[in-house]
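Read through the structures below before going on.
Two complexes are shown next, each including chain A; its partner changes from chain B in the first to chain C in the second.
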Partner chain A sequence: MSKAEIKSPLPGMFYRRPSPDSAPFKNDGDSVSAADVIGVVEVMKSFHEVTAGIDGKAIRFLVDDADAVMAGQALAEVEA
Partner chain B sequence: MVVRVLNPGLSTTVQDLGRPGYFHLGIPIGGAMDRLALRAANLIVGNDEGAAGLEAVFVGPQLEFTRDALIAVTGADMPIKLDGEEKPSWTALKVRAGQVLSFGFLQTGARIYIAIAGGIDVPLALGSRSTYPIGALGGFKGRAIAKDDELPVGNAAGGREGRSIPEALRRRPGMPAELRVLPGLYWHRVTEETHRNFFDDQWKVAPEADRMGYRFRGGRPLQFVERDQPFGAGSDPSNIVDSCYPYGSIQVPGGTEPIILHRDAVSGGGYFMVGTVVSADMDLIGQLQPNTPTRFVKVDMDGALKARADRAALLDRIRSVFA
Partner chain C sequence: MTIHSVLIANRGEIAVRIIRAAKALGLRTVQVHSQADAGSLAVQLADEAIDIGPPAAKKSYLNVEAVIAAAKAAKVDAVHPGYGFLSENADFAQAVVAAGMKFVGPDAAAIRLLGDKVAARQVAAKAGVPTVPGSDGRVSDIAEAAAIVSRIGLPVMIKAAAGGGGRGIRIAHTLEEFERHFPQASAEAAAAFGDGGLYIEKVIEKARHIEVQILGDGKNFVHCFERECSLQRRRQKVWEEAPAVGLPAEVRKSLCDSAVALARSVGYSGAGTVEYLYDDVSRDFYFIEVNTRIQVEHPVTEMISGLDLVQEMLRIAGGQPLSVRQEDISITGHAIECRINAEDPYKGFMPGPGTVEALSVPEGEGIRFDTMLFAGYAVPPFYDSLLGKLIVHGADRVACLAKLRTALAGLKITGIPTTVPLHEALAADADVAAGRFHTRFLEDWLETKFAASPSGAREVA
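Then we have the complex of A and B:
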């Protein structure tokens, strides 16, 4: 079973939910398809969606909601 | 010749050294956040130092060249690729017609500068090609570049492939970043304890930082000397009667999060300013990523002028590489 990482394209704050009261975009164990949004990165007063980029099953997040992230940092891994 | 935008990145704008002379009318100087990096990129490809190039923040664009060109990328560390093959930064690179320039993930710093021999040849607006997006002024149609834009490039003057700037002349912020600050006219508005705390505390760049201003958080809140607010000032102790805002001035709304005004600053308002970042360190701010630990270092006027002279000497050394 190969694993692939989903990396943050940007530095900023990573959020797993579209708004504080919403459910997370994805939970650990969910399947993902390439176009699925898995979170947003806040930087320069705007929010940028992060898409999975690959199809896979069983996503597992490597960072918490509202964590500071660097560009290129792995946000989650999925079993391809 | 034109450069075709396949992917613009996050926010990529045409910038030169800005449009001085209009700040009293509310139009900021604009221009490259890291002016030394833009000057260096231009020198490498044989342009005038003030030629217009591209500034890309956090994410590099993807560009297709319609003719042969000479380019250089300076500023932040971000892998540079021509048709997928990695190339050195701060170095004159030959690009062949049809080749695609792209970038990997940002490593350190925040902004890259792409100079193309001949410069980006958009029309002058108030004497500059810099993009001021909030005012829809200058640059490419007054905005950040977008997919399928075709950027005009002027005629190249005689740069040479392979020329580069030595590592020792590439100025970057340290870790933590240190920004020299001259206390300002409103220094008396905060307590002596705050005079110490402001410079003792470690701050970090907030995600709200952009071309207008860089916000910081993490230090202790400022304490104000009590007073009856004068006529015309707002009710919060961080308010003043409206004043001019210098570039580099540090306002602290509510006394909590310092904001350094940068190239696209607003020109005035009603927040007290604790001091001003010296002009020599403004370039460094342009290379700070969100969450970068930052210290403010107190200097007096002599210290500020020394910093300015040191930076001018560094620029002269860069120029001498290409003399």
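Then we have the complex of A and C:
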């Protein structure tokens, strides 16, 4: 069983939900396909979607909603 | 003056600007900061610094309890909110006063009244200030709204009563579009601002954005002439000037007098800005809104008037009367401000936080750079992208533009992308030089001229 990391393309604030009152894009254990949005990074008041980039059976988040992240930091791992 | 110390409830270049003004008046300065700003220039310059929480603004600069607790702990006499963050939050102004300190700005009641777009429009109309044709107040019923639209004509803007700063606005060109947008806009406003109230205004096509700087001490009210802020991208100002280009003297007088009338009608105290749309062809101006804070672009007014608006705000908060009468204020020459943002103009203005490797700032008579940058500073990703403002003053607009081109060539910021190349292109543009612009000019220009330029095309490819 191999694991792949989904990394943040940008530094900023990572959000797991499209808006504060919405459900998360993905929950731990959900399956993902490459084009799925798994979160957004807010950088300097502009929002950028993060896609999974890989198909996988189960996603596990490594950072919480509204955590500060650095560019290249692992946001989640996916079981291929 | 009744105040001897001030807490700066902001960050970035405006925090640096406020510290300098406060020090010039001999005040003790206390800078609050998030954990991401512990190494900022404002923290270095202030007499004291207090950590108020994590990087996210919601947990630090927007956290009323944390800011008030810091102000109490530092035993300051006053709090300056800068712009953005808590600057136009009436509850915050009230909490500062309840804690026994002065709020540097108008009182909570004035912030609340003028911050409600519908109420502000009614205040303006009552003071004799022309308003954009539209609804007299909030409209909740779509049939009533449609009747207003057929009276004033299309296109119209549907605006959130609680919105501002360009947020919560939709434009409808047809009645069908209007009927589709209206319920959506109400739901969106309710979600974004906790208030679904809407109002309707006619769209003034090819309008210019002109605003008047006002000062009041509760008894006396003056204007410091106008600024032109027509060059905007996504409703955010990019380049500002004072005075407005080619404004006839009699229009200037009635425009500025109307702003003073509005200030007087509410007994305004502090610095404020009355924003207008101006129609070049008909020479009509229309009230948009009042901003009850210091504005980003205040330096162009300082350059042409010789006033220090931030010092004046602090003196007013300290209980002093206005230091100037209307007849003491006049326009000398012309000033232009360029907002330098950490964005890549060749890549769709993608923000680019990071470390400034080297910084070289132009100097000379009539050149000013308001900034929080220094070589080695890491620009954090958590806040807006404004790095600094290059302000240039010349004997007239032609001389000012020439000096601006030289100053821009001398401004070197390496390590992060900046909007300096955008300003260099604007400063060299024939339409900009001729003053042929309106609020939609820049977005068209970016598509047709900037992206199409050799350097733009190369970088985009």
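As a convention for this text, the second predicted complex is superposed on the first by the 80 of 80 C-alpha atoms of A that agree within 3 Å, B and C clash if a C-alpha of one lies under 4 Å from a C-alpha of the other, contacts with A are read in each partner's own complex, and residues count from 1 in each chain.
The rule we apply is simple: a residue touches a chain if its C-beta (ideal position, glycine included) is under 8 Å from a C-beta of that chain, and two chains touch if they have at least 3 such contacts.
Source: prediction; values computed, not measured.
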Contacts of A:Ala66 with chain B and chain C, given as first, second, both or neither: second
Which superposed partner A:Leu10 touches (first chain B, second chain C, both, neither): both
Contacts of A:Met44 with chain B and chain C, given as first, second, both or neither: both
Chain B/chain C common contact set on chain A: 10-13, 43-45, 68
Chain A partner contacts - residues on chain C that touch it in the complex: 36, 54-56, 191, 342-343, 351, 353, 381-385
Chain B - residues contacting chain A, complex: 10-11, 57-59, 104-107, 110, 207-210, 289-291
Partner chain C, residues of chain A touching it in the complex: 10-13, 19, 21, 43-46, 66, 68
For the chain A and chain B complex, residues of the former touching the latter: 7, 9-13, 42-45, 48, 68, 70-72
